[in-house]
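Here it is, the structure in full.
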């Protein structure tokens, strides 16, 4: 059984999705989706444990040996990402029957669960596969599922946002496809490990440089790296609330992983940073993105749009850590994958709870909510503190590594810029707190409108985890550091 | 009681106090008596550590390792011992005073107020006991955020604005400068542990050390070094007990305490003084010291005048830290205790005046000495301590501060100390003069009642006690000095 | 005329640019989707033409080799083996770089590389699915706004509330 685990993380949700179509019953399909998510979590946790104790696992699909067959390759890096995805899915899916902002008749909820499962299957596929073309296929499965999920948002702007994401996403995906084609042309291989061996021989050619440019640009579009982020705020704002929670915490993480994988495993850090100097481009773009997006977040009146811009800024943190090409920097990036997933999912859950009770996303309408929904808003405060990077929360851990990486390089100025941009988070987090706690609620409204447990419990699991993993970092930092060392080829 | 237990209890008890207050909110009397009980227990627990530290022991424990080389760990050394005693001791008095004030002033949301109050004490004790920069930073931020609801207690537009400035300055400076400085220190020294003699000597030199020192001095915004002092006068919108305990004792003293601790145990006073790395900070501190005294002269609101006086007195300690000699840091440490005792009395008195006569402006306080003789006598005694005159504790700490400056030949800064003392006479003296020697004003909006009218006894007793405390400290200054003596030779 | 020698790439590039231009310049969402399709098709062309080997035939084994082939299937494969994708690569490199590796089968038959063609089956499916999802979204946009023109929707969003 355990030998089949690498393929099981993909196959389980992939096969479960059509089964959901057959079940159709609203309650049963929810339980089914939940069970699949938890099973996936169990499997990926096992895989991570396996990888940490015995080293990378190679699984040959259909028994065909690589580089001819498709290889699923699990190492510390992707096992970590799989756990993040499965974990967030396991926490968010239970809250889905609340159907917040969902434009779907209750009896057709099974379609929503089907799309969610396909989305997870795609993400798992991107993560686990060791085959470049397979990456494209799963990338498109994920994207198609997410166009559908976003398009299900209530209001006429949701399909519009989904459509503009579809256009950008397809262009990005096709770029990746072109890049893979060019690599294949030069090496005759699609297996990532094999490509890593063959590419250095041909890396001086213009074809490979173009291939790299196409792949990086394509992935960056899907990731929403500044300045390729325009689709992201719209998509996150108009998507159903729980889809925003799920997507912001998983899709961006997996696609960032893909970028890391392409740079460090396939093309190799020496080529990317030593020859092409991607860092010269990525570092300033990350910094500008962090500031522009954080400033944009400050001026938003819609709380979801605020969080969406904050996500773009946080993606800037991750690419910044990557572009510093050091163990500390990459550890910071990878640990921030995990940390940001927790806090952003938690904050989107808070937004979902507010919408559930008040049917609004406007910050101005949240007057006095601090007293009317004390537990929900306490979650916002804790999650927000983590965004700022207060010690005792996960945000601090990520920031510590990023700033440490900058200082180790002797870049005091960049270190100061990183902390300065995290201060902008204080402003946009506190804007909401100001309204919720200092302005009195509108007259004649119910006193207590606390969110139902079905939303409150997942929210607090996520927010609680931001505190727990802010203090107990043995697991997160340990794994992230091992992964960073593996990627950079540095022995511990 | 084992020292480990004592350390843990001294955190746990205030936290429990916060919880018990939140739970017993419905019965104000039970709630308030319990708060005092927890306060006494906390102070008692902290006190059991004193003999150990006096005997040269450094009790401590490691709670949890967050990152490699970054544990949440505690160790009680003399300076921390003193700060813990001051914070936990004055908490009891302030609690009693706060009951009188909050009830006399009919404040709302008292339960929330009394729940967050002890949390701030937990944070202050955490800062006092911190064994490394990370732990210090953790509790430093906790102190900022736990006092935010206290500062914004009234929840109106003024409080909101003050809250923004309070949080804005304190969090910005700490995140921007202090955090960066801590990571930098870690990158240079590989540790953030407070170590006797410092951790930087031999590992860094030249301009980075001077910059690092600047990052620390400005990064600790709670020390209110200009230009990051504006939060302090703004935070005075808080109820007076908050101003008294937090902005004369816990918060600001946590700031200067951190500065001293970092100078002694991270830089090492010898290292810092030998390289003159902090010379530029002496000028900043000296400027803050004098200019805030001058600004204090111009304030008519009593609490605002006291706030600027606090900024000036904090700069005394920061200047001492920048001078970095044995006597100056001991003097700085002593001044934490002396100034805390005196300033809390002054704030208590200001609050008592406000509750009893609704007066807040100094120009309106003519003749108040006859109406509130006990309060104003206490005010007078505490003023002496701020001015640095015997028989009050302030005389001793100022003596050591000046001595420290003189030892290094910084006569200019000796003069700064002296001029500032004169200025403090100029801004505190007139208040006493008006109170005792002028007839009450006829055109006042809040005319003084006939005969004596003191505030509630729950307010008068605490302020009398602290006034007596300033005198007691004069006679027992030796004990404080002995406790602190080890830090003069590096810890 | 090496410049025009790789004319298949020119076709791909022209198609791709036409597609991208339509996506960017057209306001109608259906036309945008068509542009997107064109863009994807150009990449499919690129892959398909990539697999073609000069003088190569369809990769179908002559009957006489059948038994031998099946037996050799799971053996370690050497360069030049029919199912070895690398054979094609080397052959292709010969076009570019010049070092000569002959990719021939047992009988001296040259085969085209079928792998890229197979890959494109998947890509075509992806393209169809994307178009289907896109059309469904456009239908819903039309329901909501009464139009599928981007500039008109922009005006409606600016003036009217949600």
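Remarks
A, B and C label the chains in the order they appear, each numbered from 1.
Everything below uses one rule, namely that a contact is a pair of C-beta atoms (placed from the backbone, for glycine too) under 8 Å apart; a residue touches a chain by one contact, two chains touch by 3 or more.
What you see is a predicted model; the values in this text were computed from it and never measured.
Chain contacts here run in a simple line, from one end chain through to the other with no loop closing.
Set side by side, A-C and A-B show the greater C-beta contact count at A-C. The innermost chain, defined by the distance from its C-alpha mean to the mean of all protein C-alpha atoms, is A.
Between the CA-based centres of chain B and chain C the separation comes to 72 Å, rounded to the whole angstrom.
Centre-to-centre separation of chain A and chain C, using mean CA positions: 29 Å. Inter-chain centre distance (chain A to chain B, centres taken as mean C-alpha positions): 44 Å. Here chain A touches chain B in the complex through residues 385, 388-392, 397, 399-400, 403-404, 407-408, 412, 415-416, 419-420, 422-423, 426, 430, 434, 437-438, 470-473, 477, going by the rule given at the top. Residues 64, 66-67, 70, 72, 134, 137-138, 141-142, 145, 152, 155, 159-160, 163-164, 167-168, 171-172, 175-176, 179-180, 183-184, 186-187, 211 of chain B are the ones that touch chain A when the two sit in their complex. Residue ranges on chain C touching chain A, taken from their complex, read 20, 23, 29, 32, 36, 39-40, 43, 46-47, 50, 77, 83-90, 92-93, 96, 116, 119, 122-123, 126, 129-130, 133-134, 136-138, 140-141, 143-145, 153, 157, 162. For chain A in complex with chain C, the touching residues are 68, 133, 136-137, 140, 144, 147-148, 151, 155-157, 159-160, 162-163, 166-167, 170-171, 173-174, 177-178, 181, 184-190, 205.
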